[in-house]
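Dropping the structures in below, format is structure tokens.
In the two complexes below, subunit A is the common chain; its partner is subunit B in one and subunit C in the other.
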Partner chain A sequence: MHDLLSRIFSAATLNETLRTATPVALAAIGGAMTEHAGIMNIGMDGMILMGAFFGAYGSFLLGGGWLGLGLAVAIGILVGLLFALFVVKLKADEFIIGCALNTFAIGLTGFLSDSVFGYNGGKGMAALPKLRLSFLDHIPFLGKGLQGLSVLFYITLLLVLVLWLFVYRTPYGLHLRAAGEKPETLRTAGISPEKMKWIASILCGITCAIAGVYLSLGDLEGNFAKNMSNSRGYVAFACVIFGSANPAKAYLAALMFGFFGALGTCLQAYISPDLTAAIPYIITIIMMVYVVLRSQRRRRLSHRKEQVA
Partner chain B sequence: MKRSHINTPYLLSLSLSILCALIIGALILLVAGFNPIEAYGAIVEGAFGNGRHIGDFLEYAMVLCLCGLACVLAARVGIFNVGGEGQLILGAIVACQVGVWMKGQASWLVLLCAAIAAMAVGGIYAFLPGILKVKVKVNEVITTIMLNTVAVCLCQYLAKGPWKNPNKNMVAATDKLDAEYWLSSLIPGSKLSTAIFTAIILTLLVWYVMTKTSGGYEMKLTGQNPRFAFFSGIKTDRLILLCMVISGAMCGLVGMFRVYGAEHIYKSSISNDYYFEGLMIAMIAAYEPLPVVGLSVFFAILKIGADELQYIGIPSQIYQIIQAVVIFSMAAQSGILSWLKDRGQKKQARLAAQVRGGGKDA
Partner chain C sequence: MEEIAVRFDHVSMEFPGVLANDDISLSIRKGEVFALVGENGAGKSTLMHLLYGMHTPTNGEIWVKGERLTEYSPKAAIQRGIGMVHQHFMLVPSFSVAQNVVMSKEPRKFKLFYDWKAAEEKTRALSQEYGLSVDPSAIVGELSVGLQQRVEILKALYRGAELLILDEPTAVLTPQETTELFSVIRRVVREKGMTVILITHKLYEVKAISDRVGIMRKGRLIAVKDTASVTERELASLMVGRPVLYEELERSGQPGEIRLAAKDLTVYDNRGLTAVKKLSLSLRAGEILGIAAIEGNGQSELLEALTGLRSCASGSIGICGQQAANCTPGEIRAMGLAHIPEDRLATGVSKDASVAENLLVGRHKAPEFRGALGYQKQSSIARYAEGLFEKFDIRGAGIAVSAGSLSGGNLQKVVVARECSFDTPVLIISQPTRGVDVGAIEFIHKQIMDKRNEGTAILLCSADLDEVFRLSDRIITLYEGEITGEFTPNTIEKEELGYYMTGNRRKEAGAHEAITH
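Then we have the complex of A and B:
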């Protein structure tokens, strides 16, 4: 038992938590944008997969991790535009479009991967750098946990901050939140809620593409495997709900998901790895139940307050 | 009741969508450097080329149709069962293990027990998100998707651990069923088995209940306007839960059919996201039972045909691309139509305003 505890609270666990959480967090902060704009975005999984493939393909084609990231982001913008075209402009059911986008991404990336890389997937393209910061060596516990993380981890932290400022500290963020909550009020103020939805979709496309690039070029050496997003997009959606669409809280939720993933790795010595792999997903369900119960309790409390007043 | 669901506009928009998808598929094939006419020819050839393939695509159509109907049943009352994949594979592995445990018993008894076990497991696995949706109002889409992954992990564990077959070569698979328990094959060499007769009866039953009975009407009412349904005396919560459980049980049964009819063993290839394809079909069919049947056959032909593409060097995923584009165009068409109508109405309103304004001036 002592052995297990020391393994759980180790620098390696911290490191794995951060590594597992990053792609989910990236997708979740994008999902927070669409959630604020009042779009239920189920299609994040497909967006991540597209990012993963085009990141790997860009790196393979252009010979550099950063160029791969550039291509993936460009494609991510296109995917965001496509999503908004159907959901906002053509007013199609966002659930159906999200599911279709996921299937489309599986089909397209699988097709292209088979045609470009061959049947076994792509390996060995240039990845993005991992940061080895010398000053971290002097910090006892944290240093070891933070050492050797992908540069995208730091970009994620930056994006969380930027998007948080955008949503809560700029007039555009106010418009974005109004687009989801009170679209008619926003329209009366002379701002089109549709425009904010387009912007949110594009932002979500970009962050999901970076999440995909993290999978293919960030964490491991450059590789692409079919369906490598592995329902992270759905987990990200749960994180968005759990964090009430606040980018910072969504990031914390993703960290929690990452921690339970790392916990599963620790428990592998005792339980079959096939069972431990299920832990984060079960936790996600429990998280969802908790969120709903919490919001119901809040509503009841505020109702009671009104009655007292 | 009017025969409104297979109307001409629907068929027209469906055929337009399929045409559009085939054109986009052809463009992608062209860009990737393949000859689209050759590819589509190979798909048709692959599906109808010999009896074995015809049997295979009929079996696949049966799986898609039952999955699609399971989704339709739940969607009718307003709950999306995205977790059919998990219910299917759990049903499959339990049904298979029941067959292994009951070795030596009469085959009708084994088949009956396996079917009941598969349906019970699928139903229970659907009950969980169902009760969370009804009692706690947790979004069922997320819970069912998470439960899918949990089911995959669980089946992987069972097939590698306690229920593993003695054969060392197969890493994650249960024991093979005795040949006497196999559902007899209808076309030798193909996966088509007598399960298809049960599937046809089930399909007719679902169609009958949904369109011809008061229960079906209550389902429709609950899905379209739950509050109205509740206040007109329908026990909506119970109905939603019941439909979800039946939907799960159907998915479990599909798993049992896959094991006893086609594969005769549980391994991870028992279902390759088959339920998701059924879900797509249910969406394209706008949650009507009859179009589900037709579309299942169409997509099964496309899928089994596309499998043959690999032999001429074309990736078979073109099938998924075509399927997704059909959905995109179906979803977009209603949008385009309403957009055009909107514009027409605005134009009329403007004209009317002009006329009225002119009248005032005079």
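Then we have the complex of A and C:
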């Protein structure tokens, strides 16, 4: 038992938590943007997958991890534009479009992967650097946990901060939230709510593309496998809801998801790996139940407050 | 020589299949309060939406301060000093007052960041300047409707409005709030030289506040008058296109036996909170009991409980001597109760079904409409529906079209016609004329009064105090699910009633007992 505990609360678990959480967090902060803009975006999984493939393909084609990231982000912008074209401009049902995007991404990346890399998937592309910071060696525990993380981990932290400032500290963030909550208000103020929705979709396309690149070029050494997003987009959506679409809270939710993923790895020695792999998803369900109960309680509390006032 | 603030020059607006505004020419003078009246669908709001740039007119031009509008967008309108308070408020509920007020012209720090301190400062200064006191840091969704309206006005003022359009501003206000709003309007006009356009269909408000009045009917501007030179009755006739006789409705007969009695009734709302608290009331044959309450004070839940749409937590309901608490709507209707629900679209009609089907439903199982194997006899149904259609003066493209194609007033007549046709001993009526125009109101009121005179026991709930006053034999005020007083219409003023509707309890001894008998 002591053995298990020391294994769970180890620097390796911290490292694994951060590594597992990063792609989910990246998608979740993008999803927070569309959520604020009033779009129920379940298409993040497809967006991640596209990013993963085009990151790998870009690296393969252009011969550099950063170039791969560039191509993936460019495609991510296009995917965001495509999503907004259907959802915002043509006013199609966002749920259907999200589903379609996911299915489309699986088909397209699968087909392209077979054509470009062959049936065994792509391997050995130039990856993005992992940072080995010498000062971390002098910090006990934490240093070991943070050592050797992908450069995208640090970019994620930066993006969380930037998007948080964007949403809560700039006028544009106010417009974004108004576009989701009461679009007519924004329209009568002389600002187009549709524009804010387009911007949110593009931002989401970008962060999801980076999430995908993290999978193919960040965490793995330049590798693409079919359907490698592996439902992370849905988990990211759960994190968005759990974090009330606040980028910082969504990041924390992703960390929690990452921790339970890492926990699963620790438990593999004791329980069937098939069961441990289910842990993050079970946690997701529990998270959702909690969200529903919380919102019910809040509604009741706010009503009581009204009665007192 | 008066300055012209806005000039409409042969303006027409056509939506697919509807000519909403037909060749309207009108000048609004600077510094006046101009009232725009008309029945529902007369095109008042559309005309103002054009001025605010929400649509581009099909024909004609609009001139603001001597300049022709070339671009129609809210942004352009705001730049020209036009502000609009919409009928349905344009506020973000989760934002603070200040955030709503400054939206689209936010004060900034370092050019990029929202400066909430400056926003609250500016909002506070503005609210003091105009006497519209409201806390800048309060969350809008938690404010009362009256305060939300203040925020809307502040928002327009913050954007530098010189001309303020108010679209049916008093529809949601208590009499006290209306008085306050009018004093604000007078103040901005007198002290700041603002121009105000007020859309309304309450004619006494026109008399109370406006300098001139424009009357619209079926998309056309029928007349423009100096308010002082017309009476309310003349205005009503102009609006409807024929004389409207706002006569005292004839009452006859004496209240009879108790038909509906509720005792210590407690009902919960959808959130599981107490909406009706140990309420008791009784209703006699041949009387109309009016319920006056501000929305959300338990009146909806009370009526739902009485009609079987909502379960009762405790207490009893008797309908014609039978125990009715927690019975199904069908059982309650069988006991002798008909119900005109508050929301005709949600619970009053089936929009997609035909007018005939909507008139029939409830008696569709009657033998005269039923053939073998449950076959519905179309010819007798048509004959029956035609009869009601004519008797209730429903105007539309006949009984075969879908109910949803009727206008609001005619749709309401369908509901009234059906529920009156059951000839039940008890009739529960909620918001009988909400969003219905003057002509139809007159007709519906007459029908209700006829039912009363025939000896039906009627419970009436309406957000329109005038209506409650006009029809009721007795009025009870409801606040947070409790009765705060009982009155007869000729012994109390409307303003005083508002006092009880906001939670003040009638002090005289025995007032409460009088209700329970």
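Assume the second predicted complex is superposed on the first by the 309 of 309 C-alpha atoms of A that agree within 3 Å, B and C clash if a C-alpha of one lies under 4 Å from a C-alpha of the other, contacts with A are read in each partner's own complex, and residues count from 1 in each chain.
One rule holds in what follows: a contact is a pair of C-beta atoms (placed from the backbone, for glycine too) under 8 Å apart; a residue touches a chain by one contact, two chains touch by 3 or more.
All values derive from a computational prediction rather than experimental measurement.
A.B. asks: Judging by the criteria at the top, classify the pair subunit B and subunit C on subunit A as clash or fit.
C.D. replies: These partners clash in the superposed model.
A.B. asks: Could you figure out whether subunit B or subunit C reaches more residues of subunit A?
C.D. replies: Residues of subunit A touched, subunit B against subunit C: more for B.
A.B. asks: Go through the superposed model and pick first if A:I191 touches only subunit B, second if only subunit C, both, or neither.
C.D. replies: second
A.B. asks: Where does A:P171 make contact in the superposed view: on subunit B (first), on subunit C (second), on both, or on neither?
C.D. replies: second
A.B. asks: Mind working out whether A:K182 is in touch with subunit B, subunit C, both or neither, as first, second, both or neither?
C.D. replies: second
A.B. asks: Determine, under the contact definition given at the top, whether A:F111 touches first (subunit B), second (subunit C), both, or neither.
C.D. replies: first
A.B. asks: For A:T284, select first, second, both or neither according to whether it touches subunit B, subunit C, the two together, or no partner.
C.D. replies: After superposition on chain A, A:T284 lies in contact with subunit B alone.
A.B. asks: Should A:K130 be classified as contacting the first partner (subunit B), the second (subunit C), both, or neither?
C.D. replies: neither
A.B. asks: Residue by residue on subunit A, keep only those touching subunit B in one complex and subunit C in the other, then list them.
C.D. replies: No residue of subunit A touches both subunit B and subunit C.
A.B. asks: Within their complex, state which residues of subunit B touch subunit A.
C.D. replies: 28, 32-33, 80, 132, 136-139, 141-143, 145-150, 153-154, 156-157, 160-161, 276, 279-280, 283, 315, 317-325, 327-328, 331-332, 334-336, 338-339
A.B. asks: Can you list the subunit A residues touching subunit B in their complex?
C.D. replies: 42, 86, 89-93, 95-97, 99-101, 103-104, 106-108, 110-112, 114-115, 231, 234-235, 237-238, 241, 272, 274-275, 277-278, 281-282, 284-285, 288-289, 292-293, 296
A.B. asks: Spell out the residues on subunit A that touch subunit C in their complex, using ranges where they run on.
C.D. replies: 165, 169-171, 173-175, 177-178, 181-182, 184-191, 299-300, 302-307, 309
A.B. asks: For the complex, give me every residue of subunit C touching subunit A.
C.D. replies: Counting only subunit C, the residues touching subunit A are 52, 54, 73-75, 78, 84, 86, 90-95, 99-100, 103-104, 106, 108, 112-114, 142, 271-273, 480.
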